[in-house]
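Shared between the two complexes below is chain A, which has chain B as its partner in the first and chain C in the second.
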Partner chain A sequence: MMNWNLYSRGDKFFAIVVSVLIGMFTVATLYPFIYIAAVSFSSGFAAQAGKVVLTPIDATLEAYGYIIKDPQFWISYRNTFIYTIGGTLMSLAFIIPGAYALSRRQLKGRRFLNLFVAFTMWFNAGLIPFFLNMRDLNLLDSMFGIILAFAVNAFNIILLRNFFEAIPQSFEEAARMDGANDFQVLWKVFIPLSKPAIATITLFCIVSRWNGFFWAMVLLQSEEKIPLQVFLRHTIANLSDNDEFAIVQTDAAFSAETVTAAIIVCSIIPVLIVYPFIQKYFEKGILLGGVKE
Partner chain B sequence: MVQGNTPAPGSAIESVEDTPDTLHDTFTDSRGSRLYDHFKREWQIYVMLLPTIVWFLVFLYKPMYGLQIAFKDYSIFRGVANSPWIGLEHFETLFSNDQFIRAVTNTIKISALNLLFGFPAPIILALMFNEILHATYKKTAQTIVYLPHFISSVIIAGIVITAFSPTAGIVNTIIGWFGLDPVYFLTQPQWFRPIFVGTGIWQEAGFGSIVFLAAIAGVNPSLYESAVVDGANRWQMMWKITIPSILPTILIMLIIRIGNIMEVSFELVILLYHPATYETADVVNTWVYRQGLQSGQYDLAAAAGLFNAVVAFVLVMTANTLSRRFSQTSLW
Partner chain C sequence: MSGVNLSGIVKAYGAVEVVHGINLDVAEKEFVVLVGPSGCGKSTTLRMIAGLEEITAGNLMIDGRRMNRIAPKDRDVAMVFQNYALYPHLNVADNMAFGLRIRKMPKAEIATTIADVAEILGLTNYLERRPADLSGGQRQRVAMGRAIVRHPKVFLFDEPLSNLDAKLRTQMRAEIKRLHNRLGVTSIYVTHDQVEAMTLADRIVVMNDGAIEQVGTPMELFNHPANTFVAGFLGSPPMNQMKGVLTEHGAKIGDTEIKFDGFANGQAGRDVIVGIRPEHVTLAAGEQTSALPIELDLVEPLGSEALLHARFGNDNVVFKADTKGDIQHLSGVGEVYVPAPLIKLFDAETGHALNAKG
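Then we have the complex of A and B:
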């Protein structure tokens, strides 16, 4: 049906216009990243004077040299890995058994329990009660607190529960005949059959942990516990403060702009590395997630 | 009885177990012992569920109990339960507070702009992707436009701040080529909303198109085939076939969007706003953040948060009801 040779002149024109528009949008999406990379490799003076457009000006690695010498950069980078790996494992430890139990028809009060979970998607106590609760629980400025308090969300549980519910009963019956209990059925039947859904949830967890910022900023005070995003935020805040004075140092090898850009590049690279793996699953994931409550 | 939902063809073990159960029921029927049997047999699923339930109680439901401070004169020393009740005083304070009213108005205005410009963007993008014949070109473009969705708001804000900087930024460099003076984009209130909404489109339009592309993929191909026979061109097919076919998806997504009107991504607002732009940028959640977490007026801020949550809840429930009704009547 979509065959170039059968296209009329008007259709061909239309297809070309659309391709050009898509190309423009794609370039517009990509350009800010290229710009930031170019700034990160430029000299501080060139960046401050606004000379960078597409390629590095007076190419230098000074900004990278500056950040790799900053111990705080490495500390926060390490912390981000801890939050991402620890947080994702914690999430799976709650979500997989929880979703399995909620998918079982013999669970007493199943309707109520599902509503109990889903209700939190629609109603949320808000920032202040959550914060005060964290304080009462003694989880302020605690790495474990961050990992635990954001481990579960209703959306992921429901997504996996729906997937589990769609697994035909015949799959588990063989295992049941061999005398398997629920833990064994979950481990040997449900988890292997649900790899795409579990991969999707894992990736959602990884991305949200890697990008997590607001609560880390609010809950963590110690510099040795902050993740990369909070460190980046501190650097950017300094940058905009300097901006108001608009000091241009003519001899600067690096500047707040180039350093910020270099940190941005460093924190995007891991995302770009896992991105091809993410892409394989997220299209499925968001369509799975489209399933009703 | 409890296992009645397990037809278990050929499952000898279960049918053997079923028989004494039924006998047990008929002779010494008591609710207690039936429950006891049930838990004895099914205890494992309750063990699996317990951590999740406890987690929800501790981290999501306990804060709901803590919401009562919205009606109390909260003091840290007395705690949530022992602080004295003061009724609706905080709400009276809120609705006579110009800054709070401004935050509510800003929330609605930003959401309205998001709806007006941010909602059509992914639909247009999906319709355009659908017209592209070259598979590799399409795949590459899709891979790129989905990417910003996975970038953290701190980085997005960092890019925006760098690009719009008055001295160093590319935007002012380009303005300079035309001989114009640099614009202080991030400290002038009139620029906040265009930049915020534009950033949102740049970040989410690509990813948002996935849902519509999936809907387009589900359109019956024979519709296009007969259109070709009738001599329709691609433009006509888009308007007469594709758009009407994905209309249910568009409407449902629209309803969901309207349901989320109180949810402006305040993390990005916090990262991009500035005291000089509060006038147009301050939304309810950023106001709550400043009043509560920065100034320590927990009770008043909690009241503002409660107001926001209740409005959001009503909107979301209405949206859910509408979309459920709509998806039942729609064909797919």
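Then we have the complex of A and C:
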């Protein structure tokens, strides 16, 4: 317990304001989760009528029943896994060696190359040129195209580069004296010593890949290649535009809203499962980025 | 022959030259210590031998082979770093095995090699520990173990004891010496600590400002320093150096004449620096001694001996005297005596010894 007597009035006031702000922030962050989960387990009628506030009304699993029967749901779920795992591995394969090379003093033109990488954080080609580029590379409507296109991320490279730079030079020198080549120095010394930083960028990659929506929507046409987020978009569009569905299903145990909510819940579950395991690295990673940048 | 030969070694960073043409031969099995103040180029020289710094000019030969453009891993040298540079994510055994695994030594052979070296260094019970769980002395031993397991032609030590406390440093110093006697591997050792240099070295190389001042055995350098820099660097406290003028029978410092027949050689009037080691004076007159009148300022007892801080003419001087178990008798000292053969003379302008071998 805190001993309040040790604090001045100003400190106490500050503590109260901070607690209230954090409380409000917590509610603002948590409530949408709870609301969506509650809607997904409610009856279509209750959801339509706006009765759901905090807990499911007329609890039912009908909305989940509806989506798990849709084969497209499973196809897009699988695709999201492929994009997330493949994309993250591809990203790490580019980011780790890239960051290592940029962190080495002996790299010729290092300053220019670092500037070159950082430049892409503020300036990029924009939607149309990027789209045309992908088209000319024959990567439209291609699963590999999605994995490859966003593999390199300047922010992650800089984050990891800074971490590598902070590792004492003598480790590299000792490894070289021990007979290691560049690749072995990276693989056997730098990567094991950089676990927190690598876990952080892995998480960044996973989250951005998992939630990746816009470019997948722009670049992919075939239904069998779309990820979950695009499938969700299609479902929302289909259900809301389909007046017949809305009217006919009014009395049914599910509606457009509950189905949408159920898909969202399904898409969040894997992130919720993974997050606690890497949370400590995630926090460290944010701190390290903050200190170094 | 696993000797190391440096000829005309130069290191420059851009236009700034930090090592100016070093020539040095280190014989097989020899233990050579590079010593000098911070920034004298000793570590840079060692790193050039290791291959961690490029050599700007000159030739480096190890075992008769030119090494200038050979990668560190192919030079067959091992290095012990000042901060040990033990891999924090590996335990002691894996740290020592690191280089052997990279060189694809068979597993069974690695295990026996590590067991043997751990035995020599008293690390057998610590093989499973991570560096963070070891004391400074143990880490130091692991760092040496990592170098020893590879059976290199040359050991390089870069101030390996400077992170240890005084007691441990003395202990580890003796261990390094014993190890060298046992393994007989050519060793080059860098330190700024003259005691380490004196105790460990077969030969000492005194460096200053990127150049070698003098090379020789510890006693040669102590007894016959080539110049005022070496005289002032080796010995604790360092040699007292006083400005003087040569006379017919010796030298005059201020109003005091010190007699040492035969050294002056008819050069009376020449400006010199007179060097007297603190331990070379006595409190009683003897044969061939000259008296130095001093004003005693402070007596520092060290146990069996004491340091006498005093003024002699315009100079501050420090002398050593036996305490004989008590410092009372030292408080009234007004004169010390210096034997003529032990006096050193240096040219006042160049600082070079005038009676280097005398």
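Just so it is clear, the second predicted complex is superposed on the first by the 251 of 293 C-alpha atoms of A that agree within 3 Å, B and C clash if a C-alpha of one lies under 4 Å from a C-alpha of the other, contacts with A are read in each partner's own complex, and residues count from 1 in each chain.
Assume contacts are C-beta pairs under 8 Å (C-beta built on N, C-alpha and C of every residue); 3 or more make two chains touch, one makes a residue touch a chain.
Since the structure is predicted, the reported quantities are computational estimates derived from the model, not experimental observations.
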item	value
Touching partner for A:Gln221 - first (chain B), second (chain C), both, neither	neither
Which superposed partner A:Lys188 touches (first chain B, second chain C, both, neither)	second
Touching partner for A:Arg176 - first (chain B), second (chain C), both, neither	both
Touching partner for A:Thr55 - first (chain B), second (chain C), both, neither	neither
Which superposed partner A:Gly23 touches (first chain B, second chain C, both, neither)	first
Residues of chain A touched, compared between chain B and chain C (which is higher)	B
Which of chain B and chain C A:Val271 touches, first, second, both or neither	first
Partner chain in contact with A:Pro168 - chain B first, chain C second, else both or neither	second
Which superposed partner A:Arg104 touches (first chain B, second chain C, both, neither)	first
Footprint overlap on chain A, where chain B in one structure and chain C in the other make contact	173, 176-177, 179, 181
Residue numbers on chain B that touch chain A, as the complex places them	2-3, 5-9, 11-14, 35, 38, 42, 44-46, 48-49, 51-53, 55-56, 58-64, 66-67, 69, 79-80, 125, 128-129, 131-134, 137-138, 140-141, 143-148, 150-155, 157-159, 161-163, 165-170, 172-173, 176, 186, 202, 205-207, 210-211, 214, 221, 224-225, 228, 233-235, 267, 270-271, 274, 285, 288-289, 292-293, 298, 301-302, 305-306, 308-309, 312-313, 316-317, 320, 324, 327
Chain C partner contacts - residues on chain A that touch it in the complex	168, 170-171, 173-181, 184, 188-189, 192-193
Parts of chain C lying in touch with chain A, wherever the complex brings them together	50-52, 71-73, 77-79, 81-83, 85-89, 98-99, 102-103, 146, 150
Residues on chain A engaged by chain B in the complex (per definition of touch)	1-2, 4, 6-8, 10-11, 14-15, 18-19, 21-23, 25-26, 28-30, 32-33, 35-36, 39, 47-53, 93-95, 97-98, 100-102, 104-108, 113, 116-117, 120, 122-133, 136-137, 148-149, 151-152, 157, 169, 173, 176-177, 179, 181-183, 186, 207, 210-214, 218, 229-230, 232-233, 236, 239-240, 243, 246, 248, 255, 257, 260-261, 263-264, 267-268, 271, 275, 278-279, 282-283, 286-287, 290, 292-293
